[in-house]
Each structure stands twice: as structure tokens, then as C-alpha cells.
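Here come two complexes built around chain A, the first alongside chain B, the second alongside chain C.
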Partner chain A sequence: MRGFIRSLAIAALVAAVPASAQQETIRIGVLQSFSGMTSLNGQQSEAAIKLFMKKYGDTVGGKKIEYFTRDTTGPNPEVAKRLVQEAVTRERAQILIGPDFTPNMLAAAPIVTEAKVPAIINGAATSGTIGERTPYYARTFFAIPQLCRPLATYAVKNNWKRVFVVVADFAPGHDCEKQYLGALAEAGGTLVGNVRIPLKNPEFSSYMQRIRDAKPDAVYFFMPIGEMSIGVVRAFNESGLKAAGIKLTGAGDITDETYLDAIGDAALGAITAGIYSTTHDSKINKEFVSEYVAMNGKSPRIGWVAISTWDAMRLIYDGLAAQAGGKFDPDKFMAFVKGHSFESPRGPVTIDKGNGDIVQNVYIRRVEKINGVLQNVEFETFKAQPFK
Partner chain B sequence: MNTPTAYFEGLARWKPLEIVFWLVLVGLFFVPGVNLPLLSQIIIWGLFAMSLDLLLGYRGILTMGHAAFFGIGAYTAGYLGKFGWTEPISALFLAAAIAAAVGLLAGRLVRSLGGIALLMVTLGLNLILYDFVLRSTELTGGDDGLQGVVIGQVLGMFKFDLYGKTAYLYSLAVAFLMFLIARALVKSSFGLALLGARENIPRMIMLGAPVGKDVSAAFAIAAAMAGVAGALLTQTIQSVSPDALSFQRSADVLVILILGGTARLYGGFVGAFVFLFLRDWLAQLNPVYWYFWIGLLLVVVVAFFRKGIVPSLGVLFTRMQKKRGTDERTPNRAAL
Partner chain C sequence: MSSVASILFNGISYGVLLFIMSVGLSVTMGMMNFVNLAQVSFSMLGGYVMVVAMQKFGVPFLWTLPLAFILVGVVSIVLERLLFRFFYGTDDLTQVLLTIGLVFMSIAIVTYFWGGTYQRVNMPEWLTGQQELGGFILERYRIFLVVVGGLLAFLLVFGLERTNFGAMVRACVDNRRAANACGLNTDLIFAVTFAVGGGLAGLGGAMSANLLGLDPNFPLRYLVYVLIVVSIGGMGTIGGSLIAALALGIADVAGKYYFPSIGGFFIYIVTVVVMLCRPLGLLGRRA
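The block that comes next holds the complex of A and B.
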């Protein structure tokens, strides 16, 4: 009897070995902030990955997909760089999603270059930080110019020629201000005033007074997602600027879906530029939204990090399918990813062939109430916006 | 033990445990599969905490702005690397010098203060510097951090590699040198004068000790060492962001030092090991809710090791020796 069991065990081993040798496992390191102020990024990323793997399976191109998550804790290059180092050396990750935040990805760039590990950036927007830093970066988020230039053109086209620009006083805000003012000058608009609001404990009413005094046709806001955006949109409404007929415009962050309900009706009518709205009218988006909601519930609502992560997974699966059969080759993978175009729930997306940065549509949206829910409704498209 | 020379010699004698401590750190390098990037950061945090120990442990100055010096060192190394000065070791000296100069000024400013007032002023200085760096985006890159920092090879031979080998040995060597300096200082008459002023300032003044000047000097030395730690961080991660001088860092280093134990020099290193190792481990177990556990663990550790880990273990060690009837306790064991 013992002999029989032993031969059975040997037979099982023999059968198991070739199967495991055939199938290569691809480990994806997901480096996002899962704790602190921006923990929603991590939650959305993981939700999108889970949904993607449920829908498309955990095997692609003959390779099994596994992922692990690590907490970057926010914009903290000290932690992020170490996590990337650990991910590629100790955890043997072959592909990364993240790290999020510009300082983190800048710190990580030399490592992914040396280790030849492709990293899909899904949460940092500073321009000139992708192909300029390493051939192994590709971005599925957005670049600041995409969010900041179109609305200047749009405002002037609608005869809102006198514009007041308000940005948050941090690096992306300064970047955006520069982009917006450049586009405004090109379009022939007039800047009637601009202020930078500090990130901490701002008192908005004095800024609103300054806007009132300048008598602009429209105001442009760029604020980080979260409390600043909520505060500024509410203050705009409460100070009567909205009632005075001044148009409220801004980068899509100020009416981001994940915080839109917190702003409430004050957001109605706000016009923003954005890369994605859950109401985007396409079959693939309707499917995405219904499946996401079925899996994760209605709250928190789907934000841009979720869609960026979803598209990062799309890139990874397409890239692996393209090199089915063989062993994973990071250079071939990047060669495929760069120049790849696909239909995302947000619309058509192309990864730039030379740079690896994203080229995508930017939509002008208005906040409306649909079936009692505040939504960003797209009504005009700026096609295939460049990343610089 | 009667002459001053013999007294200081007795103080300076290396204890076996000390030698073991540093040998273990060297030995860790050879352990297969060891997490070198994490260990490098533990060493850097340990050095940073040790620099704070000179002020808090040996002089009783409670500062909430120590990250300012760390950040000054970090940004000095960053700017040097950005503008072509890629040689790391000379950059360390420059970082130390600039941090020391600022430390001297800060020491001059706060040396007549004490208690809460000192705490508020150091905190204020830290916040001012942080806000300045955060807002001067043209100069510092704001919260995107300084871009284009290039760090050359150590001694022109050792490249900062993917596995963090160079980074670890380099950090360890620098930390050890700094430790030697700190150790020599606290076991000298200067160190005794600091300890004396910590216990009883009027009495030290009566003895004719330059109490105020000593504070300035202590600040300068502590700042230089914090600056070196900051420069090490910049060089090993090859980037720098305002996080280097955030208030959070000032608070964390205080927690690390108190956790490890003050006035021991080793307390900072031990605290850094416990704090960072736990943080990393817990964040891996649960990336979302790990702050809860770290809070709980801090409470537990502080409840059971009231004076910090190193002093508590020291007491335990002495008790065990007493039981065995071989009490070799010297009057100066507190200065391990």
C-alpha cells in the first residue's frame, strides 16, 4: 500500500512539473497610496484591477497574472523608492503599476531603468516626466497640459474673454497656471487677475471678493481633488458670484465624481475639462460602469485613478498577449505599449510612440443633475490632446 | 578612578555589547535575502535620531524642528548633485557645514529659551522653512521635489546599485564615523558639561561653565549630523522632496528616539530599527489600516519599556547580573 501511494505521488509530481514549467507567472507590483489623505487612490486601483482580472481572467498569453500591493503613503519618495527597489529585487515584480505622485515616480525612474521593469504610471500628472526620465515608463493618467489648455480655448470661443485664474499654490498648480495663461494668450483672451491659494487652511471669502472686484466673464480654478475643491466651489456659490453670472470653469478635479456629492448643488452648472466621466456615452463605458458598481457598490464613485488603472491593465494584457508563448521580454513589451491605441471607457487612447506618455480626448463637461444624482455631462470634445 | 584622566579613560572604554552591535550591522550585509534598502533607511534614521539625542538626551533640549537641519542637508546634497557636483563624500562635508552654520544661528536664537517656548520656536522655524521650500516651486520644484539630481560613484568606484548594497555600506560607514565623533563628544568634558546643564543650569553657571555657548555648539554639532543624515538620504535615493523637512519627520524622529531611549547614543538606532521595521512589516500585512497597529504597538512598547528600549534592557541586564552575584555595575553605566 505504501508503495502504491509513493508511486501515485511520483506520478502526480511528474504530471505537475511540466505544467508549472510551461506557465510563467507575471507578478505586477501595485504601488499606490493606501493610507492617509489620498487612500482613495489605492482603493480605486485595487478595485479596478480586481474587476479587470475577474472579467478577463488571470491568464493571458500563456502567462499567469499575480499582483501585490504596497502603500507609498502619499508623495514620499523615500518610501516609494525603497518599495520599488523591493518590488523588483525581492518580490520579483516584472511589471509595476505606479508609483503614484510625481516625486515618487521621479525617484523610481533610475531603478526601473536598471532593472528593466516596465511601469505604468496611473496617478502623477506633471508634464515632461515620462519618456524624458526612463524608456520603461508609460502613462495612462493625464499630463497637466491636457487638463489646463483646452478650457482657455473654449472660454474665448464662447466670448468669455476676460478670465480670472485661481490655482492652488503647489507645483502642479503653477504648471497648470503657466499652461492655461499660454493657451489664453494664444486664443486672444484677457487675464484680469490671478491668485495662488495656499494649500492649508485657506479662507476663500477674501479671494472671492477679489474676483468680484475684477469683474471677469469667467473664473478658472485648478485645485487638488478633495477639500480644496469642495471649499472653492462652495465659496463661489455662497459669495454670490454664480448668481452674478460669472462662469465657473476649472480642471476636472474640482468636480471630481468621488467628491461631487460632498459639494452638493453648489456645483451645478460648473464647466470643467476632464479625461473621463462615468456618463461618457459609449457601450464599453456603460459596461464598465455597471460592472464596477455591481462589484464595488455605488460609493465611492468611480474616479480617474480607477479608469487609469483599468487602462494600465488593458496595456499589460494586450502587451502580454502580443508576446504569447515566449518568455516575458520587457523591451518587447515597451515596444508594443508605445504606439498602442485602444478604446478605453473614457474614449480612444493612444500611448505616444516616442515618449510613452498619453494622448487622449479631453472633454468639456457641465455638472447636471440626472435622476437626482450630480454628474459631469460631456458636451464638447477636444480630440487627441497632446501631452506637452 | 581617582584622576580625571583615568575617569575619562574609564568612560571611553568600549563595552563588548557595543562592539557586537556594530559587528551585527556589518554582518547583516552578508545575510542572504536581507532587505538592504530598508536597512539603509534604518541606519539613516538612526543617525538622525542620534543627532537629536545630543540635544534632547544629553542637554535636555526638546526641539520639534530637527527635520529642518535634516532637510537642509538633504537639499544641499540635492542641489550639488543637480548642478554637477556629483562626488558624494565631499557633498556630505558641505551638507554638514551648511547645516552646522544654520544650527549655530538657531542655537544662538533659542539658547536663552527653555521648555514650551523653545518647543514653539523650533517648531516655528521648521514650519517656516518647510513652507518656503514648498512654495518656491521655481527654486525647489515645490512638492514635486528637486528634479535632475545626479549622484556619482562612491570613491569613484562603487555605483549606487539596484540592490542597495553600496547604499547600505556607505550609510553604515558614514553613520559609524558620526557615531565615533558623537561618542567622543559625550564622553569628554564637553559632554559632561552638557549633562550637568541638563540637570542643573544655575549650578553649572556657578561652576563657571559657558552654558549658553555650549548650547550653540551642541546645536551646531547636532545640526551637522542631522545634515549628514539628510544628505545620505538624498544620495541613496537620488532625489529630494519637501518631505525631507516636514513636521512629520520632526515628530517621527522624536518618537524613534524616545522609543529607543535617550542619552544612550544607541537609542536612536534601536528605535529606528523597531519603528521602521514594524512600519514596513505592518504595511505589508495590511496596506490600508496599518497605522492603527503601529499606534497600538507604540503604546504597548512605551508602557512596558517606560524609559525606552535600550535603558530598560540595560536595567534588566544589570538585574540579571546581580542575581548571579557578579555585579560589575560601574557608576557610569548610564553612559553606555
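The block that comes next holds the complex of A and C.
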């Protein structure tokens, strides 16, 4: 009898071994800020991942997908570096989504190179930080030039030749200022003044007065989402610049859907360049929006981090499906991801073959009220914008 | 010329805003010797009272202001009875740690109930846009701020210097034991003073939300400004707070206009210089 049980046990073990070998588990580390002022990023990332896995299942290419989240707490490179280290060693993550914010991803680059862990960047926009830093980065967010160049061209084309440029005084702001001024000079526009606003600045009236003095045709704003983006748009309206006929233009962050309601009607008529609007007219987007709202409710509204996390999941699933059957190979995965094109709710997206950065359409939008809700309505497309 | 005038006006209105937000702290800190950093949380609470009252219950904006004052005053008196009064005699560090802990708790609580996003603050029609006044085009909301702020400063100074209750408060501050011995109910007087301080913070929050935005991180964003105003003005002097707030508001707006490349630092330069020359603040007095 004892012999029988033993042989049964052995048989069970033998049967179990190939079964576990058959189904490999891929662990995805999601490194976003889940606390503090930028906690919306983490919330929206996780919401997008949950929705994606509900819709497409938790197995792809014969591999089971699991994810875990870690809180980068905001732009905090020391924390991000430690979290990435823990994610790839202790947590055995094979793929990362994030880390968010430029300083965080710069700090993480050497680690992902050494560990050979592909990381999809969904929340940092500084240009020249993807393929330049590590072969294991791919980006589904946007690169600064994509938001900053097209509006200069658009402004001059519409005969708003005298432009005043206002950026926030931090690295992405300086990057954007350079890109915008370059494009403005190429298009033949004139810069009538520019100013950099310090971060954590609650009062904007002095800058509005400067704009008034310079009498431009249009103003271009680049601000981080939040207090600053809300503040400039409201101040622009309150100070009477909008009523004076000066055009309010800017990077799409200033009318980001998550904070658009907080700005209120002051945002009406603002013209921005953006990668995604929830009103984007395509079947795949309508489906995405209705499913997202059904799962997460109407508020907070869908921001860009949600869409770029959604696309990060798309990349991961497509990449894993492409190497179905075999064991997960990070180099093959990156080789597939780079050069991959797909249809996102935002429109067509391509991951650059050489760099891993994103190539995508940039839309010129105007804030309008549709059924009582403020929306960014796309009305012109700059196709397949490069990342530098 | 018109730009100088509008810079001056914008600076004054910003200063008035700083004054309304910080005068409550100045009162409790100077009069009662209690460092209540949670004062900025009271401001945030006032802001949320205003927003919720307007959006959920359709209360007109003007009525939300006394509402914010009263409700936040009540909350602060409850906290004072349950918590703060046990810490009146303790040292500054204990009080700072206790109240900064409350600030973090308030952020979490507000996030739990109203979410982490910015609130929509919609002003009535007559408070938006611009108004021509004596040849200058001024923002209506800022005119409103200056009028209300001026009224408030007058009421406070009058109340403290000219009324019976003001005299009692001053007596309690100067020598609590003697005041007690003379038959004053010092406990009650302190509680009422505390409530007025809290209510003023709530009023300040409700009035500032339109200009500064309102989200759960409001207290941490403005704590520094409030502390600067109180320390420059000198604790416990309402006149000092007013002068300091106006000076800082004008310095900040003018600094950013004339020297945009260093504009953000201007307010701190002023602070450092004043603190070096007058460590107790402009009108500070300490026995």
C-alpha cells in the first residue's frame, strides 16, 4: 500500500513538472506615483491595466500575466532607482511599465540595461531619453517636440505671427521653449517676448501684464499639469487678455481632461496641441471610452497617462503573442516592439525602429462645450510627428 | 503708467488674500502662544465648504463666505476642546509636530471624500471679468478681495482694540493667571479666540479658492506663505500682518513683473532681509 502511494506521488510530481513549465508567468512591474500630488497617474495607470486585462484576458502567447504596483511618489529619482532594483531582483519582474517622470526614468536606465528588463515609458516626455539611454526603453507617452513644434507652424499659418511664449521654469519647459522657438523661426513668425514662470507659483498677474504690454497675436503656454496649468488659463481669462482678442494656445497639458472642469469656462476657445482627446472620432476610441467609464466612472476623466498605459499593455501583449510557445526573451521582445505599429484609441502609433521612441499624430484641438461638458475637440491633424 | 498701477493693484489684492489666510494664525500664535500649523487645513476646509455649498446645495457665493467662517469656526472649537487645549503649555516643537500631523491627516481625509483632483470653482457673473475704475481696467474679483479684506482688517483691529471682549483677550494674553484671578473665564475666552482664528482661516480659504485653486494639497502649498506673513508681520499684531501681507504681495507681483528671471525668489529675499533686521517681525513685540 505504501509503495502504491509513493508511486502515485511520483506520478503526480512527474505530471506536475511539465505543466508548470508549459505556463510561464510574466510579471509586470508598474512603477507610478500612487501618492501625493501626482497620485492620479498611478490611479489611471492601474485603471487602464485592469480594463485591458479584463478585456483581453490574463494569458497571452501561452504566458500568464501578473502585475504589481510600486509607488514612485512623484519625481523622485532615488526612490525610483531603488524600486526598479527591487522590482527586477526580489519581485522578478520581466517587464516594467514606467517609471514615470524624466528624472526617475533617467535613474532607472542603467538598471534595466544590466538586468535586460524591457521598460515601457508611459509618463515622461523629455526628448532624447529613450534609445539614447538604453536599448530596453520604449515610449508610449509623447516626446516634447511633438507638443511644442506643431502649434508654432499652426499659429503662423493662421496669421498669428507675433507670439509670446510662456513656459514653466523646469527642464521640460526649457526643452519645449527651444523646440517652439525653432519651429516659429522656421515658419517665419516673430517672438515678441518670452518668460519662464517658476514652479509653485500661485500668482500670475505679473506675467499677464507682461503679455498685455507686448501686444502679441497669440500666446503659447507650456505648464505642468495641475496648479500651474489651471492657474495660467484662469488668469489669462480673468485679466482680460482673452477678451482683448489674444489667442490662447499651448501644449495639451493646459487643457488636460482631468483638470479641464477645474478650469471651467475660462478654458473655452483655448487651442492646444495634444496626442489624445476622449472625443477622438474613431470606433476603437468610442469603445475604449465607454468601457473605461463603465469600469471607473466618469470622474476623474481619462487623461493621457491612462491612454499611454493602455498602449503599453497593447505593446506587451503583441510582443508576447509574437513569441508564443517559447520562453520569454527580452531581446526578441524589444526587437519586436521597435518598429511595431498599431491602432490606438488616440490614432495610429508607431514605435520607432531604431530608437524605441514614439511616432504619432498630433492633433490641434479647441476647447468647446459639448452637452454641457468641456471637451478638447480635434480639428486638424499633424500626421506622424517625429520624436525629435 | 497704467501698467505700474495695475501691478500695484494686483499686488495689493494678492497681499489682502495672504492677509485673510494668515491673520487667523497670527491671532492664535501671538495671542495664545500656540503654533497651529493646521490653520492652513482650516483654510482648505473653508474652501471645500464653499465649493460643496455652491455646487451641491446651490448656495449663492456671498452666503458661502459666512457659512465657511461659521462651520470652520465650529470645527476648530471642537478640535480645541478635544485636542489643542491639552497642548497649550507644551513647547513649540511638540505643537509643530502635532499640528503638522493634523495637516497630513486633513489631506488624506479630504482626498477620501472629494478625491485628489482640483475642484471646480465658479464665481457668479458679477465677480468675473474686468471693471473700469477711475480710468484703470481692474479685475472684478480682486476689487472684491480688497473691499472685503479692508473691512475685515478694520473689524479685527476695532474688535481687539476697542471692544470689551478685545480687552479681555489682551488681558488673558498678557497675564493669564492675573486675568483668571480677576474673574475672567480664560478658558472660554481662549476657546472663542481660537474659533475666530479658525473661522478667519476658513473664510480665507473660501475667498482664495477662485484665485489659487483648491485641491487636497492646498495646505502644504500655502503653509510657507502663511508662515512668512506671520513671521514678517510679527506674531499677534493684526496691523503687522496686514502690512507684511501687503508688502509681500506687492513685492512678489512687482518682482515677477520687473525681474522675471529672479521673480520667484523675490518674496524670499524680502523675508530674509526683514528677519535679519527685525527678528521679531515688523511690529513684533515679546515680553
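The rule we apply is simple: the second predicted complex is superposed on the first by the 369 of 388 C-alpha atoms of A that agree within 3 Å, B and C clash if a C-alpha of one lies under 4 Å from a C-alpha of the other, contacts with A are read in each partner's own complex, and residues count from 1 in each chain.
Here is the rule we use: a contact is a pair of C-beta atoms (placed from the backbone, for glycine too) under 8 Å apart; a residue touches a chain by one contact, two chains touch by 3 or more.
Small disclaimer: the values here were computed from a predicted structure and weren't measured.
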Under the superposition described at the top, does placing chain B and chain C together on chain A give a clash or a fit? fit
Which partner does A:380 contact after superposing on A: first (chain B), second (chain C), both, neither? neither
With the two structures laid over each other on chain A, which partner does A:115 touch: chain B (first), chain C (second), both, or neither? first
For A:86, using the defined touch cut-off, is the partner it touches chain B, chain C, both, or neither? Pick first, second, both or neither. first
Could you say whether A:169 touches chain B, chain C, both of them, or neither, answering first, second, both or neither? both
Under the stated touch criterion, which partner chain does A:77 make contact with: chain B (first), chain C (second), both, or neither? first
Look at A:106 in the shared chain and tell me whether it touches chain B only, chain C only, both, or neither; answer first, second, both or neither. first
So, does A:291 touch the first partner chain B, the second partner chain C, both, or neither? neither
Thinking of the overlay built on chain A, is A:58 touched by chain B (first), by chain C (second), by both, or by neither? neither
When the two structures are overlaid on chain A, which partner does A:34 contact: first (chain B), second (chain C), both, or neither? first
Treating the CA centre of chain A as the corner point, state the angle out to chain B and chain C, nearest 10°. 60
In whole Å, how close do chain B and chain C get at the C-alpha level once superposed? 7
Chain A residues where the chain B and chain C footprints coincide 39, 43, 169, 198
Touch list for chain C against partner chain A, complex: 3, 6-7, 10, 14, 115-122, 128-130, 137, 139, 141, 211-213, 215, 217, 221-222, 225, 252-257, 260-261, 263-264
Chain A residues touching chain B in their complex are 34-35, 39, 42-43, 69-71, 73, 75-78, 81-82, 85-86, 88-90, 102-103, 106-107, 110-111, 114-115, 126, 169-172, 174, 198-199
Write out the stretch or stretches of chain A touching chain C in their complex. 36-37, 39-40, 43, 169, 195-198, 200-203, 205-207, 209-210, 212-213, 226-227, 230-231, 234, 238-240, 243, 258-259, 261-262, 264-265, 299-300
Which residues of chain B touch chain A in the complex? 33, 35, 37-38, 41, 134-135, 137-138, 141-145, 147, 161-164, 233, 237-241, 243-244, 283-284, 287-291
